[in-house]
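Per-chain numbering from 1; labels A, B, C, D, E and F assigned in written order.
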Amino acid sequence: MLEHLLLQTILIPALCAPAVIILRRAIGKKAAWIARLGLLYSTVLLLMGCLKLAMGGAALTESHAFAGPAITLDLLGDGISLPIALIINFLCLALSIYADHYIDHRIEAIYGEVDERTAINHYTRFYALFLLFPTGFMGVCFASNLIGIYFFLEILPLPLYFIMAMFGYVDRVRVAMICLMWAVFGAGFFLVGSVIVYYTTGSFAVSSIAAMAGTPAARWAIAMFLITIMAKMAVVPFQVWMPWVHAEHPTCIAGLLAVYANVAVYVMLRLLVIPLPGDFQFFATPLMVLALITMVYGALLTLGQTDIKRFAACSTISQLAYSMLGVCSMTQAGIEGGMFFFLGHIMGKTIIFSTAGIIVYTTGIRDMRQLGGLARKMPLTTALWIIGALGLAGFPPMSSFPAEWIMFTGIFKAGLTGSITKLIVAIAGAAAITLSVVYCFRSVKIIFFGPISERLATDNHVKDPPLSMSLPLFGVAAVAIGFGLYPRFILDLFHQVIGGLPF
Amino acid sequence: MIWQLDFLILIFVIICAVAAINIRDLLSAVIILGAFSFFMCLLWTEMGAIDVAFTEASVATAISTLLFVGAIYKTTRRSKD
Amino acid sequence: MKTVILIFVILAGGLLLYGTMDMPAWGDPNSPANTYVSPRYIEEAMEATETPNIVTAVLADYRGYDTMGETTVIFTAAIACALLLRGIGSARKEEDES
Amino acid sequence: MLEFIISKYNFWFYVILMMIGLYAMLAKRNLVKKLIGMNIFQTAIILFYVSIGVKAGKVHVPIIIGGHGTHHAIKAADYLNPLPHVLMLTAIVVSIATTGVALAVLILIYRRYKTLNEDEILAIRQAGRETGA
Amino acid sequence: MAQQFPALIITIPLLAALFTVPLGTLNRRFCYPWLMFIMAAVLSMAIVICGRVITFGPISYHMGGWQPPWGIEYRIDQLNALMLVLISGAGLLGAIYSGPSFKKEIDGRQTLASSLYLLMITGLMGIVITGDLFNIFVFLEIASLSGYGLIASGGNDAPFATFRYIIMGTIGASCYLLGVGYLYISTGSLNLMDLHRLLPELYHSRVILTAGALMLVGIALKMALFPLHAWLPEAYYEAPSAVSGVAAPLYTKVAGYLMIRILYNLFDPGFFTEVFPITTILSWAAVFALLIGSIYAIAQTDLKKMLCYSVIAQVGYIVLGIALANRAGFSGAILTIINEVFTKACIFMATGAIIYRIGDSRIEHLGHLFRRMPITMLAFIVGVFSMIGIPPTCGFFSKLYLIFGCVEAGQWVFIAALLLSTILNVVYFFRVIKVACFEDPQPDYERKEPYPEITMEEAPIGLLLPVVSAAAMILITGLGSHWIMVNLITPIIPAGF
Amino acid sequence: MLTRVYDNLIVQTVCRVMIPFIQIYALYVIAHGHYSPGGGFQGGVILTAALALIFLAYGQGPAIRRMNRIQAVIFCSIGVAIYVGIGLYCLLAGGNFLDYSQLAPLLHVSVPRARSLGILGVEIGVGLAVMTAMYSIILDIAGQSGNETQSTDTEPETGPQTANRKPDSSQ
């Protein structure tokens, strides 16, 4: 079972997708269980991989022929990629359960009352597309050559485009196109970067990037990769697409969209920070400043939102910058914290966005100002939102708290011993957290407390959603809290790789 | 193979070719094309390629001209250039 | 437009003339074309095929495959003309008429 | 110099002929003229090939003298090169076949546009497209 | 018997074409199953030949039992075998497709069209299988003439488009023939392998230079390479769907094959890169082709016209790969040929199916198509992904290898052009997908009333099956590209790369 | 069009006299292709000329009565099929495609003789194919088409010559 573990995790969702489509006539909606079981299986696999690694096992490496003898698909499961892949896969699993009712609701809202057959077609189409996400994410996590990473980065925008255009909200087709064009734009630069690497080192392996340290080509390659990464992460000059895309997609993939954007920080760590610390130093400070600007900008943008989905969307811009700040700080603690924050953020974002989806699902209202006082009618939802908000704000039981703590102490220490910029960045960044605290708690207050409107009070539909929607989110919350209370499991794994870096 | 004769026929061939593409009446042009083919046959016989000449004589001067004339009768024989 | 084409044609002709400069002289019996492959046809054809007309022997035997292609070309042309200028499948009607 | 000219002039003539054909194919606006040019063009190539096979001096056409039952040694130098002739038989057939198909197409064109002038046809099509859209 | 397959694979479709006419005179309905049966037989033979070539190495077959260079030789290496499989595969798809398509578009003339179709396949296969330069010309003409006939039988403006095609095609074939003549006058041979052996001594002869240039110009005309492309879009646009669904994938690719043969098998690779650097010109022409083709494609409002222009762009990819003259570029060119055959077949045939149902192919008329013809559109999208180069399809791998080729050659401009054309591809294809999938997207998420009732009206199975199989082949060749690289492409990379 | 001159007695009489000679000459050209210039192609074209002469002198109707368009195409396929068939027979007999030496056992002759006969066989095929193909092309291009408007089916040959058909039928 553990043989070709990494390849299995990539292939199983990819193989489940056609199965879902093919079997839809025979088993109807139960076809979605194929997706869920497949994801469950790969999650278990990854968990076993992580445990093996935690108990002192060696990093997993695999090599598979891909396209001709010159290009192979090399996979690497080490201390960073395995836990990240585990969490992402777990989120996919949780969302695949959550999506069940939600997507029914979207089909009804968009396509009206449709007959059984069409409904099942739409439903299974969603799941088939959904399964491409885990394929792409696992691939990006594990691939250890540039072509592999490019390959999987190219896959990712496709399900996004189609899911968005089929099941999204206002003006969804145009927004989907925006998203796709940004992705193609980014991918092009990534390819150019890879080609530069290949040209100078003669190989696409990530491990060979280190060989170009100190050459002028290294800077060019870094610049190319950075454009891709920043476009994906919606760092300030490239942030235009994010509020649109994040606000209008169906919320059942919200968490995955957060991963889609945020996984770029992992790519940055893998391709730039670890192999080329020296050359990356040149870019680190400007990037930190950019990250800081993005943090503040995103937070202010969030404060101004009244739309419940846009609220979550804008907060993503700000939150993404935290992990980038951590990784760009070029300190061990900063990087570990940044990566850990990445995990905390995607879990928190999944919870809060999905809860927003629940609210839209039950009330049909997106404007926060029309909501209020929902706590009495929807206690479970309120709990979920609060947990999510705590996660975003970085409050103690959640995993983002230790993450921010480690990250900022790391930067702070580096600032005290050396560069004054880092000190300023650390202080400013910590101050920016207060902004996120403000918007988080403001949202809780507006939505769940205060007076309830007449319409909502009398509406019988406004109640806690079916358990299949809330339970997976509680599962995610439990994991987030678990890591918040016991961060060592992940951090130790991270440390296996990052501890060896020369900072 | 006498090169002077050869040269002379070639000149004729060229004249025919130029005339064929410059005459405005298409029917005449086609007939001149037939003459062109005929001179070509002569040239090839003179070069020793009797089989080719025979074929050219039967095809180009007969069938090809017939086809052209037939097509021109079905369409138009006027041309602006 | 015609001037452009004329210039183009003259240039192309110039290229071709340039190519002829290195050609073996016209009628040179020792040119590669006359000494490499074809002598064997001349020497062997009579013996191998009992056909004095070497052109026929080469046409239908040594390079008989080309000739098959040539016949196919004619057939293709006939079919193409027929396809374009008549609605076939109306064979019966035409037979009635004749 | 004269020798050089004599040794090459045949090739030059074929080039001239070919260019006449090419010019007609490209510059003439009448479609039949284009076809005439095409015929000249192809014939020029055939001329070139036939010229390849020529051997100066006293040589026979490629038909073995004595006909059937000859057993004296046959010298290759005594006969013309038959291969270009063979190739050109095929080329002539190809040329007539192409002409046939082209003429068939030409008739269809005339049926549709009632003219054979390329410019007029283009104008008709342009007008048709504007009214159609 | 299997060692006679090289001859049979040509003669069987030829004989079948001959018998189609009497058969169709008996009853027009016999033609369609007959066509499919023959093409299936040809495909299976091509696969057997391909298998034999992979296991036992190149096959040499002497026509009439005469030794080359005196007789005509068939020399089948991996490249020929691959092309045979591609041609017969696309031919089979087209044959299946031809039934409903001919019935709708040229009803009453199916007999002759079927016969001509088989002749076209014969001609194309004859071009790729033979090892004799003049024989290539003969089969080139068979393929061209049948193509002229089939294309001219299409829409209203088809004859005029065909006439231009005839003029350009004849110039191209004549240039090729002249090039062969130049080679013949300086070597005395017509056999490809034999010439390859003889030519290196003559590399500095002006005759050989002119011969190479002439043959390449001729082939560039036939494949509609950039400055010589003007005839193509019109001709393929006007052709009947079944014809454009086969001609668009095959003609330009067969010409690409010929270009590979001439550049690297007839001459040594070094000749065109060093002695006579025509590859530089070719690669720039290719770059312009792929940019200009894409730009023209964006400007079109008609789906089929757009695809015709994208054929020009794709020719650019193939020629670019060939002209880069290195291992990766060469592999990329062949992968592009493979991928393009199925991609073009898929999307042209899908477009034909759309025209069959909708009546025309203007992009603004394609709304709701995804709901009306879901399977066709799904296949179409797979084809589009392959055109753009999105991973699991073969188009991704071919583009990847092309980029490697550019890297190996150190041509950064070309990489930029490739990426730009990819983005242009995305623009023009997603415009279609957008209209077809998500026409009039509702701005209001609270929408309650259903969409207007749209009933599914999928194309008939005869049109659907080839489209879907082509889409499946795109995915299969994509996933099997490793196998293709190892077994088919690596053995034929010319020595000297 | 080309069929206007029906009543030109002189032309018709000359043709009636000429045509058999032309045809015999054509057959001679085909058969004697081994020994003199000529062969299937040239002979076939001359045979076409004979048919074309009928077409020119008597009009389309009589020509079509001798051989109609469908027959022309079918005979053309038979002609090519003779060629391919001889090649295929050689293949089935154990040689390569078109290896005429395999005909020797069948015809009980020596190998060179077999090759010679094989050449004759294919020349006959070529002659038949070329004659009918050229004839078919001439009929299509120069003849009256019943298909002016590209309708899906051919109407019977109509036009002014139908009136002239009666006197012709006595020919």
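Going forward, contacts are C-beta pairs under 8 Å (C-beta built on N, C-alpha and C of every residue); 3 or more make two chains touch, one makes a residue touch a chain.
Here the structure is a predicted model, which means the values were calculated and not measured.
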Groups of chains joined by contact, in the absence of chain E: A | B, C, D, F
Those chains which touch chain E and also touch chain A: none
Chain pair with more C-beta contacts, D-F versus C-F: C-F
Central subunit by CA centre of mass proxy: E
Rounded Å distance, chain B centre to chain F centre (Cα mean): 24
Computed distance of Cα centres, chain D from chain B, in Å: 11
Separation of chain D from chain E, taking each centre as the mean of its C-alpha atoms, in whole Å: 28
Between chain E and chain F, centroid-to-centroid distance (C-alpha), Å: 36
In chain F, residues with contacts to at least two other chains: 35-37, 39, 41, 70, 73, 77, 80, 84, 87, 97-98, 100, 130, 134, 137, 140-141, 152-154
Per-residue overlap in chain E, given as positions that touch at least 2 other chains: 14, 17-18, 21, 25, 63-64, 108-109, 112, 134, 138, 141, 145, 148-149, 152, 159, 178, 184-185, 190
Where chain C touches two or more other chains at once, by residue number: 16, 20-21, 23, 27, 31, 33-34, 37-38, 40-41, 50, 52-53, 55-56, 59, 61, 63-67, 69-70, 72-82, 84-85, 87-91
Touching residues on chain D, where the partner in the complex is chain F: 61, 63, 67-68, 89, 93, 96, 100, 103-104, 107-108, 111
Chain E to chain C touching residues, read off their complex: 14, 17-18, 21, 24-25, 28, 63-64, 66, 69-72, 108-113, 115-116, 119, 122-123, 126, 132, 134-135, 138-139, 141-142, 145-146, 148-150, 152-153, 159, 178, 182, 184-190, 205-207, 209-211, 213-214
Contact footprint of chain D on chain B as seen in their complex: 1, 3, 6-7, 10, 13-14, 17-18, 20-21, 26, 29-30, 33, 36-37, 40, 43-44, 47-52, 55-56, 59-60, 63-64, 67-68, 70-72, 74-76, 79-81
Interface residues, chain B side, partner chain F - complex: 50-51, 53-55, 58-59, 62-63, 66-67, 69-71, 73-74
Chain C-facing residues of chain D, complex: 6-12, 15-16, 18-19, 22-23, 26-27, 51-57, 59, 62-64, 66-68, 70, 74-79, 81-87, 89-90, 93-94, 96-98, 100-101, 104-105, 107-108
